[in-house]
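Input: structures, listed below.
What follows is subunit A paired twice: with subunit B in the first complex and subunit C in the second.
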Partner chain A sequence: MAVETPVSAGTAIPAGRVARGGRVRRGTKGWLFILPFLLVFVAFLVAPLVYAGYLSLWTKGLATGTTFAGIDNYTRAFGDPSFRKGLWFVLKFSVVVIPLQIIVALVAALLLDEITGRLAKFSRLMIFLPYAIPVVLGALMWGFLYSPTFGPIEQIASFFDVRAPFLLSQGNVYYGLLNVVTWQWSGYYMIIIYAALKGIDTSIYEAARIDGAGARQIALRVKVPMVGSALALILVFSLIGTLQFFSEPQILRPIANGSITPDFTPNIYAYELAFNYAQFNYASAISFALGFVVFVAVAIFMFITRKRGSLFT
Partner chain B sequence: MRFRTTLSVVAPVVLALGLAACGGGDDSSSGSGGTAAKATNCTNKIVHEDAKKVLVWAWYPNMAKVVDNFNNQHTDVQACWTNAGQGQPEYAKFQTAISAKKGAPDVIMLEADQLVGFEIQDALVDLAPYGANDVKKNFSDGAWKDVSQGDKVFAAPVDGGPMALIYRADVFAKYGIKTPPKTWDEYAADAKKVKDAGGPVFGDFGSNVPAVTTALMIQKGAQPFVYDLGDKKNITVKLDDQNTKDVLDYWGNLSKQGLVGKEDQFTTDYIAGMVGGKYATYVSAAWAPGYLTGAGVGKGADKGKFAVAPLPQWDPNNPVSVNWGGSAFAVTSQTADKAASAKVALGLYADNASLTDGWQTQTIFPLNQNVLKSDDFLNAKIDFFNGQTVNKDIYVPAENAYKGAVYSPFTVYYYAQLQAQIAKINQGQTTGSQAATDLQNQIVTYAKQQGFTVQ
Partner chain C sequence: MNRPRHVWAKLFLLALCCYFLIPVWWVVVASTKNAEGLFSGTGALWFHGFHLFDNLHALFTFNNGEYLRWLGNSALYAFAGGLGCTVVSVLAGYGFAKFSFRGRNIVFALVLGSVMVPLTALVIPTFVMMSKVGLIDTVWAVILPSLLSPFAVYLMRVYAGASIPDELLDAARIDGAGELRTFWKVALPLMRPGVVTVALLSIVATWNNFFLPLTMLSSSKLYPLTVGIGLWEQLASSNNGGGQSLWNLIIVGSLVSIIPLVIAFLTLQKYWQGGLSVGSLK
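Presenting the complex of A and B:
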């Protein structure tokens, strides 16, 4: 996308004003436009990826030193119970968290589209607010809310003389995190859907009403299909994000009494391997393996939705 | 998550690249180890600006005083101190700096169980040529052995961690426990007694202090590792012996019956529990009171409620003394000036003023014999323990009986796996015996991956 824009700007120059050899100069101009982005892109994305790819082909042992490993790290990664366990968790997590977030976001957006006035503006802001809070702060805040000693959940429970469940214990950590993630991201998705809704021509609603459609029918039969591409976009975002789950569990780890393990998600595992066990080679391989899984998941998703969403066709 | 974590996949890689790319570059007066970080942004004030500055990473709670003492007493070299994290977070930073060949401090505080892991990577400097043997006379043979390999000395010892049973005298009195448990059987029986009477949990089986569990395994007679840096490639791993299983089963059963807590230690929730008397005992080391006091335990309404007894034994006729933590100062091989750094490593926390402050606040249990044998130290009535003469009665005998331990060169990994197993035991997903067997398999697999020959 960013590549095309400057080029088309170049071709927009009237032909008469281009001197001889203009093709070359146009090309140069194009590159100049791209340059700032390209530099950052190469320095912070391409080069690190290439370097990590290179690292992943080697192996380093405490007693052996560095040796060439070829694809050994990759075969090891896909057979590694820690990696598979983490992968299984994020897959399980995404099956629930993605629909949940989208339903919350869609319902909120549809409601906000119906109502007007000061309340609507205020609600919109409030629903969006969690996204404006940095992930780390949000996670820390929930860590406090969940705390069995200081947290309000426990205090409310003790008011009724019962013990509140610790939402980060082994059995509950799935739900504890589900809550944090949904809280943090639904507002953001709501804004995307809401923006798509605002882009719909209102005469369509009028036509629907003349045909006898009620408010609910308009919402479900007209609005939802028309924001289909926005929904597809959100799905891809949240799928990628959930498979790369890292920040929230990493922040909540120290207070989770061991239920968030070093191999809780593939990303945490890669981080742990690199920065605690100094296995940069294997960590790179794990990162690439995860990248591959994300790629496959997104490709499958796009294949399934190829007819419905106009976004990817 | 989402966009922002797209970065997190790339971030480690970016960092690795950045660090590696710069590895060969600037300021190349150092040896093979790479370049140390520059001694800027010190937490402390430099007294003599013109002197050579040495960057130190340490986390002793009274470090500010210790550094000031050193800097006031030296004109040729100055310590520039940063707290890079307590224990594991600091080791992770150091490990990354070693991999990057750049960014390590000149002098670093390390626990005894971490030394071998860094020695095997050639990350530490042998201090023997820089005057280490001049201070050898200040330490017991055992303490010196912990920091050396043959004739090589890799760190200057500061403090040890003889373990004992810290307990709440008020809780014991309330539930009629007249004498602290002398054996682990009595400990379990007392725990049941307190619980049946509706009291608090007796202790805590926290997953994030695997070093404590390892010490308790060693107390029963387990020897998890046999390793000698002189024979670099061979290691013996024995984590599935009966002694290890017994200890893990013992704590697993206490935790299952709800007699001890399952909370991680040093968290805000845990400290709040310590303050509130939620735990009747605390199996811990001599330096613990200093950290607890710093976190607000044993003050106000809680003042004088704590007492300490010798660590319970498996066989009271053959008591075994064990150790948790205790640290030393090592010089990293990334330092630009080995002599100046060695001077700091050997001189920091070695002066009387610092040592006295350290033991009086119970931040350290000093290993310096001059302190250990001094009347002031032996007869000190410790406030935290309501005036008990704990040094003479409990900790010095424990330290004298401590025989030393052998650590593996991958302590960080071993602790992480033990931690995961303890968490599983606490959640009722495995038994102590099964955890020991699984742990053995994990560690053996890992050792082989790292290129060791496992005996």
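Presenting the complex of A and C:
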């Protein structure tokens, strides 16, 4: 789909009056349309970003007051076992949760594209349902289901006379969260892929069928490559989302009996530093360092997929 | 020949439906139980007595009805923030798509690059800035940052570019319509599905937001539902807010707060399902 519409290709403008004076006049008008957004953009993105960068270069001591620290906060951050532990966790988590979500979403979308009827319609809505549920509540509901006091897992296990694993314990919290995140986001990604599938010209399938391709081959060889840019979009979104993991673990913390620590993810750590220890300078450095990691991760991904017609070209 | 394969596919879909529905089913069932049924009932996934109305009554009256207050706050933030974000993004998307002006491409590249900036990284510096101008712990601290959505601008630019023919705009201009009138009468109706999609996405994003209000607000009367229920959960698990009975409130409160958006999505599905394809078709 062509996005770049050459605006100045004024073939349909007959009168010289509009064509000549119009360009300049429309020029300033264009700025007026984007002005409200630009104000918001500068106030709540550029300014905080610059300010965070500035804050992170200073350090505040009780006795010494605020002094210039240069990159000290950053060397401290990347050497800080808490930050490294959190960063390692979110990286380890992304590597599994992103493919998992995409596979669930892709398989569901391909099936829904193939099957028609009431069941398909119903399933599409049900799979999408978690997106309409706030992350906080989704995490809370799963927390209840995991709970040994009133969740079903424990009851089912006791029926079979075994002890159920507590999915928020030290050893299992990774899997517990994996399930929560997959549940929460797969449906949204499924809808994006599904919409892309619906946009494909069906005569291509016809051609593939004449060439002797079966349904499975059409799905894997024709459909999947054609929704490549939708997959790339999803991947970038889930990468950005997972690296700044915050709400789910934060909500499950009170009921996780200590297995979700104050340095569980970099974002939780930054929040703790800022609001429980008032270390805004160091917290800004942590946020900035995390932002940098996200940016690098996304840039690497874009670089790898650049040749296959990536997202933002 | 195709029959058996589709049977498996349908069974698989049913299994997926069950998986995605289980937590919701559990909340519905648990909302009808009293504390005794919740903690010592026979099955977590089946009914045990019917106390839904007692629970609702308790929910809306607990602590002078603070739940209703939070519900109202959530609605306020979602509408003011979400609709504001939609207006700002639609205008900008249209401006980027349909006007040529100096610096357009570089500004748009900046906006696009900013999609990759993790928004939570901005929360702490935004907090410090807001506290300098005295906006901390006011509704503005939640609403104003919610107006920003570079992705919505990107979506609207793509949508405006694809759905509005230049000829139509030129015709309106030749007929003497001003730019605002052209936008309102010609462009906006053509962009409607895209606008609805962006509105839904940004309302959902604001309604669901947790990190931003958690940091910006300190008085509980300004909390949205997400932060309020989080507060109850903390009280309940540290057992100094009424212990067992509070869990009932949290559960029925969760049920009530997921209903508005579920209804919105079900009734508007025609729009968002069409509109979402725009961002990915490219």
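Assume the second predicted complex is superposed on the first by the 279 of 313 C-alpha atoms of A that agree within 3 Å, B and C clash if a C-alpha of one lies under 4 Å from a C-alpha of the other, contacts with A are read in each partner's own complex, and residues count from 1 in each chain.
Everything that follows uses one rule, which is that a contact is a pair of C-beta atoms (placed from the backbone, for glycine too) under 8 Å apart; a residue touches a chain by one contact, two chains touch by 3 or more.
Keep in mind it's a predicted model, so treat the numbers as computed, not measured.
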Touching partner for A:207 - first (subunit B), second (subunit C), both, neither: neither
First (subunit B), second (subunit C), both or neither touched by A:108: second
Partner chain(s) touched by A:138 [first = subunit B, second = subunit C, both, neither]: second
Contacts of A:51 with subunit B and subunit C, given as first, second, both or neither: both
First (subunit B), second (subunit C), both or neither touched by A:195: second
Which of subunit B and subunit C A:258 touches, first, second, both or neither: first
Contacts of A:37 with subunit B and subunit C, given as first, second, both or neither: second
If touched residues of subunit A are counted for subunit B and for subunit C, the larger one: C
First, second, both or neither for A:119, with subunit B first and subunit C second: second
Partner chain in contact with A:227 - subunit B first, subunit C second, else both or neither: second
Subunit A residues contacted in one complex by subunit B, in the other by subunit C: 44-45, 47-49, 51-52, 55, 135, 149-150, 240, 244, 246-247, 254-255, 267, 270-271, 274-275, 280, 283-284, 287, 290-291
In the complex with subunit C, residue positions of subunit A that touch it: 1, 3-5, 7-10, 12-15, 18, 22-23, 26-34, 36-38, 40-41, 43-45, 47-49, 51-52, 55, 104, 108, 111-112, 114-115, 119-120, 122-123, 125-138, 140-142, 144-145, 149-152, 155, 183, 187, 191-193, 195-196, 198-199, 215, 227, 229-230, 233, 236, 240, 243-244, 246-247, 250-251, 254-255, 267, 270-271, 274-275, 280, 283-284, 287-288, 290-291, 294-295, 298-299, 311-312
Footprint of subunit B on subunit A - complex, ascending: 44-45, 47-49, 51-52, 55, 61-65, 135, 147-150, 169-171, 181, 184-185, 188, 237-238, 240-242, 244-248, 254-259, 261-262, 267, 270-272, 274-278, 280, 283-284, 287, 290-291
Subunit C residues touching subunit A - in the complex, by the definition given at the top: 2, 5-6, 9-10, 12-14, 16-17, 19-24, 26-27, 30, 38-39, 43-45, 87-89, 91-92, 94-102, 104, 107, 111-112, 114, 116-129, 144-145, 147-148, 150, 153, 157-158, 161-162, 166-167, 170-171, 173-174, 179, 183, 204, 207-208, 210-211, 215, 225-226, 229-230, 233-234, 237-238, 247, 250-251, 254, 257-258, 261-262, 264-266, 269, 273-274, 276-277, 279-282
Subunit A-touching residues of subunit B, taken from the complex the two chains share: 1-6, 8-10, 12-14, 16-17, 20, 88, 91-92, 95-96, 98-99, 117, 120-121, 206-208, 232-233, 262-264, 267-269, 272-273, 409-410, 412-413, 416, 419-420, 422-423, 426-427, 429, 449-452
